Structure formats: structure tokens, C-alpha cells
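Look at the two complexes coming up: chain A is in both, with chain B in one and chain C in the other.
Presenting the complex of A and B:
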């Protein structure tokens, strides 16, 4: 049987080729995990580094060798979310003695800036020239400038791929959506994939008018696992009930029942903004219509409802695609692949796949490696001393 | 004013999505180019503005002479916000396809005697403006809540500005290729605005 050069280039099931293509990533993992200067202050930090280093090497090797993306990406991505929450909370308690913040904390601009706030500060910055978030502009922990630069860079490089490869919250509902083998709620109205755009419009405008990051103040479910305002009034109580309920509903219960990433799809304004950046990003996911047999396995697999029948007919997912790779893995005819815009669909798919996977996985390592090492050190401390602090 | 703008922005997409399909074909067919399209849209918006100013005047009079004088003002406004925001939430969740009064201009369009080309967008704008839908009723409540005629007019001006944002790209035909998506986003935005106002009503009642 005649094989095409494309098939020969594939790494699936080939240990030698997989190891060869792993080498550049091994170097990157080493640099990102050590900052280029290995300096292990204790035996525990060395162990934490080794676990992190081998963890990511194994994940990337498996992506290459097995020819599957999503399962191994998710392992790293969920790890990021869990360790981020753990280390963030411990850091906060060490610094402030509590997970809560008050007016004093806000006045001293000590609130760490998260990427979601980017959606709320742009309009006020344009119209008033001021930043409406009580964080550090430059320098210090999670400064506004550094986070904005990272967000902009990642949006240009990966589009909404950020939501599946770099976001330190996304792993929560990605994780809960994988707990059950089959969904209890089998069909979710695909119209919900547009809900985050409405949230983006509302929070951007309300933040501009109220001169206040409205989403962070009222809606962000992830305050439950990071930091939140001290309950001192009925309004703050109402806010607390709102974000805890949203966390329970959109991050835990609904992803569990639907096997969809409900929070990321319906509530996250950053997700909507990243979706728009999919338009300018060079990578997308395309369906080779010659191979596709319309089995619709991809539509069932897509965690963001970005692939519906009409999208399959169009040969590509909607603008809301997070490039997680789940549809690619689900297709048993290899009809769906990462693709570079402007190139023919179905040609040089392995090359396009590798060109996407390297920066995407690098981003995952960049965000996770430090947090994971710190988290492992904390866990060792917990087991040996009985305390995380 | 800010609240009026937010309410307008959050519900304006719904106005375009429901009233637009009737108005746009007319506006486009009458137009010889982008400039003329914008003139017709401006006339349409003038019709809406006149309706809003008229309503604002009435709401202001009611707010100033009746509601402000009442001892139960906070209670009344709290209840009004909660009921109307619940309607807005329902509006966001369900289909109200024929709710826009702008649909009536189909009849006017067919009327051969309507020689004045400007009358149709002006009437359409006015009818869209006084359309009794939850966002409009909520805007009336907000205007009454302002307590003065001036405050009421300012509220409706801001509401007008918020809704008008969505009408401005009308002559740019490309925007309407994905009209169904705009409609969905508009309904979700209305839903969120409803929840925001529900909270406002709740806080007013509890205080």
C-alpha cells in the first residue's frame, strides 16, 4: 500500500520520532522550570523540580506518541488550576493572614491582577486614562502591566487557545466535566456558546460607567478559591452568595452533568474576548470534508459547543473554539486537525499540529511549572509538619 | 444617567434584532448609498428620540408629583424594579418575536399615499421608541425613580444613547450576515440586565 510523505512524518506509535521531537520541548521545560539557573535551596525543591520536569516531559511525549492531545493537555491544565488555587491561598494567608480583603487592602493596591480583569479596564482606560483596579501597575506580584502584556501576546499567538492551555482557572470546569463517563444532561442548547459575549458587553460597559471592575466585584466564581471581600454589609453578603452560587452551579454541578465547560463557555468575559482574537490568530481547527462522514462524534465531544451540525457543514468550529483538541481526538477518521490559516485543509496536518503544539504546550509549562513546584513543596510540608503555612 | 446608558446598551441589541429585520430592508431599499442610509437611520433615531423625550416628560411628571410625595417611595420602586426586571429576564429567556411596534410600518410602507420618504423611518422610529416592552418599562421606572423632570429626561437621553449604539452600524451590510448571533447575544444581555435590576430592586426593598 502506497503511503504519503505526510503519514511517514507522523509520530503516532513511533518511539524514536516522538523522542526526537520531544528534545526541544525538554530543553524548554528545563529552562522554564528553573528560570535558566538551577538553584535548589533544599532537597524538597530538587524533588519538586524533578517531578515537574518529568511530568511535563511525559505529557508531551504521550501527546506525540499516542497522537492524542486533549487527555494529556487536560492533565497539565487541571494540575495548573489546582496548584494555582493552593499556592495562591497559602501565599495570601502568609501575607495577610486571611483569604479576605478589605478597603485597606484595596487602598494600598495589593490586589493581584488576573487576566479576566483585562476585559473591564480597557474602556475606562481609554475614556478616563485611569485604571479601575486596585492593583500594582508595574512590579510586585501579578502587576497589571505584566499581565496585560502576557494576555495580549498569548491572544495573538494562540487566540482562544489560551482558555485551554494557559488559563489558571479553566482547569476547574475542565476537570469537573470529565468526572462522569457519560453526561446526565445530554443536550445543551448551543445558543449558550454566545452567552459570554453578552457578559463581555455588560461587564465592559458597567465597569466603565460604575468605575469599578463589575465582574470581579459581583460575579467571578473563582473568588471562591482565591480571595474575596470580607462580609461587612448586606451588599457584600449578596455578592458572596452570588459568586459562591455561580461557582457551585457553573464550575461544579453543570459541567459535571453536561460534560461541558459551562463557566468558560457562558460566563467568562475573557473567553469572549479571546474568541474575538481567534479571528487574528494564525491557528484554527478545520474539518477535512473529504474525510468527514458526518458521524457528529466531534459535536458531542466539544466541551464549548463550538461544533454544531452547521459548523461541521462549514468545515470549521465557531469562533468560540478553545483549540483543546477534544474533537480532533474524537474523530476516528482523522478528519479534524489543527490548521494554519491560508494553507490547504487536510494537507501537512502533522506540521500544522506540531507548529501549534509547541507554543501551546510551552504556554502550559510556563504557567504551571513554578506553581507546581511550589505546590509540591507545600504538600511535602503538609505531610511532614501537618501545616501548609 | 449611567444606569440609563447600561439599560440601553443591554437591551439595544434586542431592539435591533427584533425591529431591525423589518426596518433595515426598507432603509436599505430607499438608500442610494452609505451616506443616504445614514441619513435615514438618523431620521429613524430622531423618531425614537422624540418618543423617548415625550415618555421622559410624562415619567418625570409622575416621579416628581406622585412618587416623590409618597411615604412608601422606596418600597414602590423596589417592587417595580423587581417585577419589571423579572419581565426583562423572561424577555431574555423566551421568544417575543412580534413584540416590536416597528413591525406596523409594513402597513405604512404599502400605503402608496405615503409620499414623504422621511415619514416612514420617522414613524418607525417613534413606534419603536414607545414600544411597550420590558426594557422600555424598566427605563420608565428608572426615570420615575430619578424624581425630577430633568433627571427623567437625562435618564431617557442616556437610554437612547445606549440603544442607538446598535443602530449606527446598520447601513454597513456586512454586520447582518450573522444576525441570529446578534439576536442571541442581545437576549442574553437583556437577561443579565434583568438580573442586575432585580438585585437593585432587592437591595431597595431590604434597605
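Presenting the complex of A and C:
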């Protein structure tokens, strides 16, 4: 039996209501895509803005109209990952002439600070009185304090929702996990969902002892698509082989075979830290036990193995939930919904859904709009001049 | 009580959008305030340590940093000392050849010869505490070297 929650308030299938609820987001998309001051220096930048503007408006409208979240979120999220890699690499090559960093970049403390480093600086900051990263404290591209403010703000606002709506790396394994229609490896041990916590503890302690952001230095698979140390020694070669192998295995091959976000679930220490922030975050996903018929479609759909039989019985996913909306879309009884802590489960689900979707989609727009516009300009340049640089 | 909890929940949910927007829109302001916090500073292993002395020589400023022996708790047996060579005219000479007294005991600790064109750097330790060259690189308009040294407090 297919049921629709709160038939009177739902936007599903209702063009007028969907357009009405799209309006505030349209305004936000316009402001965030233009910085509030539209200033298009060329025809190409105007076209890039228009494509970005309509892209996000269509995505949000479809989320409202179709009543499905995940596939439209993923379209924006994967776009973010691809355009981020493209623009970051081109910017690096323009600035340094290469994707690699060297002694000069390290000594001048100009390495862009990525959110994942946050997990490694906390203990050293407490025990050895300094940030163990060769980045700029303030000013310049991706300074330490600037990224820390964003990380704190996002964790307060969305908890681990960051990993599905804002992380500029997550779209890689989200994308590869969608390529095949059915998983080749059908069952992944759900215990792996706790692996990232072990990684978090290990990298935090090792970073403290070695006075070195260990995960960035040795493990981070996403160095493959951003920047990495110039190979000048056997140790650096070993590091390079390690992170490229991890990229191939955890970001490409295993997500492809399992249809799960293996890198985000098992290796990312930031994912574990964000999971902890789920505890203080007001949004969660809850299962209305009165509607649930224990079909377990949601457990199969969950890309992070956050929903197992025991979690369904408990009426909520585990702390590792990324709030991607896949389980909500998979449930054909509308038993699973976004929920606001402190409110009754299964009541005012459209309100809870909208209150979550506005900040979550805003985060996606905040991270993607600038990058996407820059990326489109670069692609136009590639097609017209044959060069990205 | 249930109504109060629900009211707080909805209020907090609405506040989340404001928190999120503030983190981005007012990022410069918040980041500036965070940067002023006394514990927000780079670890000496990355910053090179605190400046100990600047020696102004004709055509060259030499900045000697305090040796860095920091580890999790206490000090390590070995660390490094950073030296920065800067030309007031922003043009480094093609060859830098200097004798450095990094611990200010009026005795040369090591001499260094840097070819700023090729990057070739030769270090001659004089003090037994000086071990070898850690790194030598151009940094913008300066040249920076880090020399591995033994911690005198731990070598006894």
C-alpha cells in the first residue's frame, strides 16, 4: 500500500505549492551565486551564472515536486565534486605550474586548509600549543580560520548532513556508487560503518605524536584529484602509491561494486567527527513504526550502512547517518522522514522536511555555485581555445 | 513540556539556516576574530619558530629563529633551527656564503653556501650540536634553510 504523508501539506505532485516554496530558495540561489552584486565581466560569465542559477532552481523544484530528495541532491553533489577538482587543479597549475607542492609551498605556509585536517589539529592544539599544518592562519585561499568557521557552522547546522550536502570530495564515491544498477558485492558487513571512528582516533593520536597531519600526509585519497607532494624521495613515492591506491580502491572500485560510499563510511575521519556532531544537531531521520512494515528496503538503500535491522527496530538510523535522503526515497510507505528533535515522530513531516531542506540545499548552493560558474567558464575556454590555462 | 520541546526544536531548526549563512557570509569577520585567539597559531614545526634575532648586513638581512625542539610533551633530542636570508632590494645574490651563530655564544656554529640559482646548498657544521641540512628553499623573495641540530639540554 502506497501512502502519502500529510496529503494536505505535501508538495509532491503540486506545481503551485512547489513553485511557492521554491521562491525563497530562488532568491537565496540568486544572492549566493552573485554575491548579492551581479557583475558579469563577460558574456561567458553571464551564461555560466544562468546555467548555475537554473540548474539549482530545477533541482530544488524537482525535490519539492517529485517528493524525492536523493537523486536531485546527488546531481548537485556530484557536480560539486567534479567542478571542485577541475577548478582547484587549474588554479594550482596557474599559480604554481604544477599539481604538486614543494618545500617552498610548505615553508611559506600556503597549503590550502581542507576540512578533513580539522580532525587532526585538535589534540596537538591542546597538548602542544599550535596548529600542525603548513597553511595560512588568515587570508589567502582556504585559510585555517576561515575553514574552521565553516566546519563549525556546518556541523552545528546540519551535523553529518555535511557529508551529503557540502563536502566537495563526497561526490566522487557518491557518483561511482551510482554507476551500476545493482551491486556486485551484495552484502557489506555493517560493522564497517564504525571503521571511520577507529581511523579518527588513530589519526588524531598519531598526528599528535608525530606533530604531523598523518591522514593528509599518508592516506587522503583525494590528493589524487587535488594536490600532492612532489616525489623527491622513496618515502614520498610510498605516500603517493598509498593515496592513489586508496583512491582507486575506496573511491572507485568498492563503491562501484557495493553501491555504498565506502571511502566516506570507512576511512574519512571528518565523517566520524561529523557523526559525533549529529548528536548535537537538531535534524535527524526517524522511522514511523506505525507505518513501517519491516520490508528493509531502506537498509538496502542506505549508502553508509547506517540503517540495519536493529536500527529499523529502534526507529532511527545510527549516528553515522548522512541525511542524504536515500532511505526516505526508498520507503514506499513514507514511513521514513526528516525529523526535528523534540517534535513527535510522524507529525508535521512536511514542515520538518522543509526546515531541513532549506539549510541543506543552501549549503550545496554555497559550496557549488561559485565553483560551478568558474568551471563552466573554464570548459568554455577549453572548447574555444583548446586550453584550460 | 512536549509543546515547549517542539517549540524549541522548530526554533533551533530555523536558527540553523541563519547559523549556516552566517558561517559563510560573515566568514571573514568570524575568521578574523578566531585568528586573534591566543591559542590559534601555527606550531613551530610549521612556522619555523619565533624570531630570535635579525642581523642587518650590507645587502642582506639574516633572520635567525629560535631552535625548535617541540614535541607532544617536553622537548625532543633533535630539532632544527631556521635561518632566513632576505635581500632589502628583493633580489637575492646568486651566491650566499655565511657563517651563522644560531645560539649567540659568539662562536660560529655552521657555515652555509647557497647557490640561489641552482638551489645547491653546502653546510659545514662547526659546533658538534649541528647535524645536517633539513631543507633549503626559496620562499618568495627570501631564501630559507632549516638545519637539524641536537638539543643541548638533552645531549648532556
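As a convention for this text, the second predicted complex is superposed on the first by the 384 of 389 C-alpha atoms of A that agree within 3 Å, B and C clash if a C-alpha of one lies under 4 Å from a C-alpha of the other, contacts with A are read in each partner's own complex, and residues count from 1 in each chain.
We take it that a contact is a pair of C-beta atoms (placed from the backbone, for glycine too) under 8 Å apart; a residue touches a chain by one contact, two chains touch by 3 or more.
Keep in mind the model is a prediction, meaning the values are calculated, not measured.
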item: Room on chain A for both chain B and chain C (clash or fit); value: fit
item: Which superposed partner A:127 touches (first chain B, second chain C, both, neither); value: second
item: Touching partner for A:69 - first (chain B), second (chain C), both, neither; value: neither
item: Chain B versus chain C as contact partner of A:206, first or second or both or neither; value: first
item: Contacts of A:274 with chain B and chain C, given as first, second, both or neither; value: neither
item: First, second, both or neither for A:328, with chain B first and chain C second; value: neither
item: Which superposed partner A:149 touches (first chain B, second chain C, both, neither); value: second
item: First, second, both or neither for A:285, with chain B first and chain C second; value: neither
item: Partner chain(s) touched by A:235 [first = chain B, second = chain C, both, neither]; value: first
item: Contact breadth on chain A, by residue count: chain C or chain B; value: C
item: Touched partner set for A:195, first chain B, second chain C, both or neither; value: first
item: CA minimum distance (chain B, chain C), superposed complexes, angstrom; value: 8
item: Common ground on chain A, meaning residues reached by chain C in one complex and by chain B in the other; value: 209
item: Sites on chain A touched by chain C in the complex; value: 102-104, 106-109, 124-125, 127-135, 137-138, 143-146, 148-150, 152-154, 156-158, 208-209, 211-212, 281-283, 340-344, 351-352, 355-356, 358-359, 362-363, 366
item: Residue numbers on chain B that touch chain A, as the complex places them; value: 2-3, 5-6, 9-10, 13, 181, 184-189, 191-193, 196, 199, 202-203, 206-207
item: Residue ranges of chain C touching chain A (in the complex, touch as defined); value: 2, 5-6, 8-10, 12-14, 16-17, 19-24, 27-28, 30-32, 34-35, 39-48, 70-73, 135-140, 144, 146
item: Residues of chain A touching chain B in the complex; value: 191, 194-195, 197-199, 201-202, 205-206, 209-210, 234-235, 238
